[in-house]
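Two complexes come next, and they have one chain in common, chain A, joined by chain B in the first and chain C in the second.
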Partner chain A sequence: MAALLLRRLRDLVLILLIVGTMMFFVVRLMPGDPAMAILGPTARPQDVEALRQSMGLTGSLWNQYLSWLGNVVQGDFGTSITYHASVIPVVAEHFLPTLTLAVISTAVSFVVAVVVTFWNAVAPRNPVAALLTRLSGLGMAIPDFWIALILVLVFAVTLRWFPSSGYVSILSDPAAAAPTLVLPVICLVIGQSALFILTLRESVLGELPQTYLRTARVKGLSERQVMLGHVLPNALMPLVTQLGSNFAMMMGGIVIIESIFVIPGLGSLLLGAVFTRDFPLVQGVTLFVALMFVLVNLLVDLSYALLDPKVRVS
Partner chain B sequence: MNVLNSRPRRLRAGLAAAVTAGVLLLAGCGGGAAPSANTAADAGPPVRGGNLIVAVPTDPQSLDMVANPGQVTAHIGNLLYEKLFEVDKEFAARPMLVETYETSSDRLTYTFELRKGVTFHDGSPLTAEDVVASLQRWLKSHVTGQQVAPDVVTLKAKGDDTVLLKLKEPRYPLIDELASPGAEIYAAKNLEGVPATGFTDKGAIGTGPYKLASWDIGRQVVLERYGNYKSRADQDWGGQAGAKQAYLDTITYKVVADQDALVNGLQTGQWQHAMPGNDQYTALKENASIVVGNVAGANQNVIIPNHAKGSKFADVRARQALNLLMDKPAMNAATGGGPDLTAAVGAMVSEDNPALYSTVGDEVYKQHDPAKAKELFAQAGVKAGDTVRIVTSNSYPQFAQWAVLLQDQLAQIDIKTKIDTYDFPTMLGTINKDPGGWDLTTLFFNAALTSPSQMPAVTLGAFNGSASPEIAALVREYNAVTSPVQAKEVMDKLQALVWEQLPVITLSQSRLYAAWSPELKGYDGFYRVFWNSWLKR
Partner chain C sequence: MTPTAQMSVPVSGRAASPLARALRRNRLLSAATALLVLIVLAVVILPPFLPDANATDPVHRLLPPSADHLLGTDSYGRDVFSRLVSGGRTSLGLSALITVCAAFTGMVIGLVSGFYRAVDAVVMRIMDAWMSFPAIILAMALAIGLGASIWTELIALTVLFTPFTARVIRSRVLSVAARQYIGAARVSGMRPAKILVVHVLPNVLPLALVQVVILSASAMLVDGAMSFLGMGIAPPTPTWGNMIAEGRSYLVQAPWLIVVPGLAIMACVLLLNLIGSSMRDVVDPRARALGDLQRLRARGAAR
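Presenting the complex of A and B:
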């Protein structure tokens, strides 16, 4: 386990270095000058140049890169051009909304997938369970922005059960945050749980013919005990992989959902930073998202060891 | 006030900062026509208290009005800061921080006496040194101040309450320019060492009726009543001038980029004020539970021909041909909002400012003669089969639509086009990188201006090579006038010259509008200014 952790930490440093370097050069190759974008078409050339200089965008690209790298190694990711603040607090500010949505929607989707799949496995003739499983294909097919617009129209504008948009930090005021989270979480859960159901169903169907289940039944275990005690742990591996990958994707921002529900998350932050050519912020968000990907994958790997004794042994 | 305000569709969030900042020419604000629902007798007496929630399309990103000319920054800044003079609802400058002022007989020396007892939000008193430091920064770094700077000989404090400003030449619009955005007065101590990118929220301290309470980046800015605010004793002149009463306890500016979310939030009462895009106008107008009305000023929608060497429009005849060719009504239809929001005029300044509004040259604006256009193009050396390069942006859908309509109209006289569509910063960067590499581009500018030196026709020279000695001479002539009548005459001449030389070709003026809850009373349709406004529950 310790070796795995050390290996992953080494990979983490390498990945961040590669991603950071790539992003540094990619954003500077993008057409569009942040100083010109801020000052506009009527600005005097000398003012554009002065602003460019104060943003650290003059000098050779190589010198800029070395300077940036040196600062990053010391924990200084630069100052956002648009927010006039250090990149780390700006990213942190936008991380919590995205994390909240990702954690809640992933957890709910996981529970929904496990319940529906095993309900269907234990009671294959139950029409509701069968219908829910079949609807999962539809859930994956419907775009989340469409679901979002319908939910807003029905539950916010017409019925007024939930706010149409907005964000309250779950840490500062959980009671006020709950209503604002309901609709965006439902949007994310519909597509995500559908994917999880299909993944888990395939996995469960693969486990059902296994002979160890016959042994379990012969030992006198009930069908529920067989499913929860034996099928579930073995069938969870592909789902955990899927879950990790989905979660990491969401960490990169759920741009459309954030936009529709006016949630100040990482996706909208990155989008705005790209459009305003806020180079330090683009690099900061990208590095942060890369970090999240690596950490989530590490957690997934560790969870394999917890779920499967064979992995622990190997 | 700042320009770009139509926030047409989704995903306009990140763009807004770049675009507003990019296209802005700053000027004063004026009062627009407020709908009767808001000024009706049922408003009753003002009510003190409450939190007004205002939806804004982007985070202000900076509250420094010199460094960031964006619309949201300006609108919030109007409540935080004050200038020596402020514009009333007709863009006329009226004293704000100035108690009295004198002009010498040669019109070269101005002596400003400051109002006594005015304090900044941190409690420190307003002094002449603060005014000098703020105006020196304005003269150096703000686009309007930079136009004024060459005429300024000295700017100095005389005691705590007197400021002396000496000019090289008389400058008729000086007071109007001191009332334009960017000339706000900050505490001198907060301006020390401020970089070109502007001060942080710690520097957002002014003398206005509201002070900054909190700023959650990307989410909301909260202002709270400044208890020690000293209002002028005179009446409320509308706009930003006169007495200011802070009835509301707090004003929360929530960042709502998505247009659907903006409208839904208005309908469900999540916020009480918004300035949605043109596409939402009709639906909101039909909603009886929301008040909709024009706000001050307008945008000037323009096609910008490149005057630089290498452009097809370096020759004035090509620009005149383009003006003749353009089917402006069809192009204006693409701007959205219908006739309520689009005025088919060629004026450079909003009609809310009667002192500068001029429709001279509208006969040129209204010309449409494709056959004659073809002849003129040929005389200018633009022949059938030639390709016109249009650089435009999809950040604002109307820009790209205008480009496509231009393409169609040019095709009718056998001129080909190549349209390059970018996001806004890329569009600006592309134009800036290769001054001769483009022929036409699309923009809109603030038309709520207080002097000719803020007009794109005057300030766009470095961008499209349109600087002209004749226009510069008329600006000087305007600066030398001594009366409003003379000023109007020069303004008419300037407007006529613009239609002759065509530094830009105006398509129309877009009126701005706001939608707000009937609970909001006292609001006079002046952008997002909410002193003298209250909530009636």
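Presenting the complex of A and C:
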């Protein structure tokens, strides 16, 4: 367990270093000079030069990189150009909306997948359950940006059931936040639950030939008891991994859904930062996203080790 | 047969007898392939017979579907059906190109790192780091860094999809390399590079082909998403993604502008997924678990 933890921490540092380095250079490939962008075309050259100096954009690329790395290690991610504020608080401000979306949609997808799959397993002849299971292939194929627009058209514009934008923090006013979350969450749940259903069904089918199920049936358990008491716990393992991996991916910013529904999360923050050439913010957000991603995956691995004794040994 | 064994399976039926199963699987496979071929043929052959996809006609803008314009016209009065077809050319062509490139680079990396263990540790660590990062952000950064064009998108998405192929190919190479005839070839004094090409490569090729199909489904989704965000091929060249992005402003007046290209993406992705997973079951039943993980990653990339 300790060895696993150590190894993962080493990987964490390594991945952050790779991502940070890569983003540093990629960001500098972007056309456009941020100092010029801030001051406008009429600025005096000496002002531009002074600003470049203060933004750490002078000197050789290598020296820029080293000084940036030094600052990051000391916890200084620089100042956002568009927000005129230190990067860390800006990122922290945009964290909650993404977290809200990721948590709710993952939880809903998990419940949907478990209910649909086991309903289908316990009652294989039920047409609704079978249909829902079959739809999962379709769910995987729906582009999320497209279904988002369709949902806006149907439920926000035509039926006026839910707003198409207007984010409200779930912590400050849950009642007002709920309707604004419905459409984005549905968009995320469609693809995610389809994926979860496929995963869970694979692993349920993998469990069915196991002999312990015969034992369970022979000792007189009902099919429902066998499914929920014996198959479910074992079949959930692969889903936990996928769920964690997916959750980590979402913490990395739900770029498209956030931008369509105008939710001020990490995804729209990043998209905005990329379009406005806000170098420090792009780097800060990507590093934060990578950190979240690795941490969530680490937690998943640890929980896996806790759930499954076999993993602990290997 | 226990009731649970009859659980419905859309892609391949495990409950039916092997023969019926194979038949059904093949029927599905052949039907899906035929449909996809039809779509590809349509986008390749049709454009010369249709009105110019970029010919604007401001008088007849935002017309609903009619006999003159099968799928109506867009905000510039361009024929949506023409744009759909030539957009399909771009979207399908680009996705195919991306996946062929990604499958090729992934295959080379997978072959080398699966066969030469010294390289393996380093390369796979890098691939892991690569994969463990929200992919669309990578693609976005690359696309913005290099400027939006067809080549940028090709590079960005090739880079994005390479590790997935590399992983799958590598695991196959590992299992092939452990077989006896490889040992025999080594003992007989064959050079490792030659063994790799003569004995390992042919075993890996079918899997690489499957990878192309599976990845092209993901590539279609990611390509659509990137075009939608304005980071793919720029208008006026139509792609299904940027058609949706353009139609977004006319969501209420002209919903057909977004409905149609979205359905097109969906149909292609669905068909490619169907074909890919049936092919994978035939080529390598054990790759299932890995393939699902990969689908997850690629799917996550589209967010």
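Structural remarks
Rule of thumb we're sticking to: the second predicted complex is superposed on the first by the 302 of 314 C-alpha atoms of A that agree within 3 Å, B and C clash if a C-alpha of one lies under 4 Å from a C-alpha of the other, contacts with A are read in each partner's own complex, and residues count from 1 in each chain.
In this section, a residue touches a chain if its C-beta (ideal position, glycine included) is under 8 Å from a C-beta of that chain, and two chains touch if they have at least 3 such contacts.
Since the model is a prediction, treat every value here as computed from it, not as a measurement.
With chain A as the common reference, the superposed partners chain B and chain C fit together side by side.
Counted by residues of chain A touched, the larger count belongs to C, out of chain B and chain C. When the two complexes are overlaid on their common chain A, residue A:Val157 makes contact with chain B and with chain C alike.
In the superposition on chain A, contact is made by A:Met55 with chain B only, not with chain C. Using the contact criterion defined above for the overlaid structures, shared-chain residue A:Tyr83 touches chain B, although it does not reach chain C.
Once chain A of one complex is fitted onto chain A of the other, the partner contacts of A:Ala290 are limited to chain C, with no touch recorded for chain B. Legend: residue contacts after superposition of the two complexes on their common chain; A:Leu138 is shown touching chain C, with no touch to chain B. Contacts of A:Val274 after superposition: both chain B and chain C are touched.
Between the Cα centres of chain B and chain C, as seen from that of chain A, there is an angle of 90°, stated in steps of 10. Within the superposed three-chain model, A:Met227 lies in touch with chain C and out of touch with chain B [touch as defined at top].
Judged by the touch definition given at the top, the superposed model places A:Ala2 against neither chain B nor chain C.
In the superposition on chain A, A:Arg201 contacts chain C only, with no contact to chain B. The minimum CA-CA separation between chain B and chain C in the overlaid arrangement is 5 Å, rounded to the whole angstrom.
Where the contact sets of chain A with chain B and with chain C meet, they give residues 30-31, 149, 152, 157, 255, 259, 271, 274.
Partner chain C is touched in their complex by these residues of chain A: 11, 14-15, 18-19, 23, 26-27, 29-31, 120-122, 124-125, 130, 133-134, 136-138, 140-147, 149-150, 152-153, 157, 188, 191, 195, 198-199, 201-202, 204-205, 208, 217, 223, 227, 238, 242, 245-246, 249-250, 252-257, 259, 270-271, 274, 282, 286, 289-290, 293-294, 297. In the complex of the two chains, the chain C residues touching chain A come out as 2-11, 14, 125-126, 128-129, 132-134, 136-137, 140-142, 144-147, 217, 221, 224-225, 228-229, 244, 248, 251-252, 255, 258-259, 261-262, 265-267, 269-270, 273-274, 288-289, 292-293, 295-297, 299-300, 302-303. Against chain B, in their complex, chain A makes its touches with residues 30-34, 36-45, 47-48, 50-51, 54-55, 81-85, 90, 93-94, 149, 152, 156-157, 160, 163-167, 255, 259-262, 264, 268-269, 271-277.
Residues 10-11, 13-15, 17-18, 21-25, 58-59, 61-62, 68-69, 141, 143, 146, 195-200, 216-219, 254-258, 260-261, 264-265, 267-268, 270, 395, 422-433, 443, 456, 459-460, 462-463 of chain B are the ones that touch chain A when the two sit in their complex.
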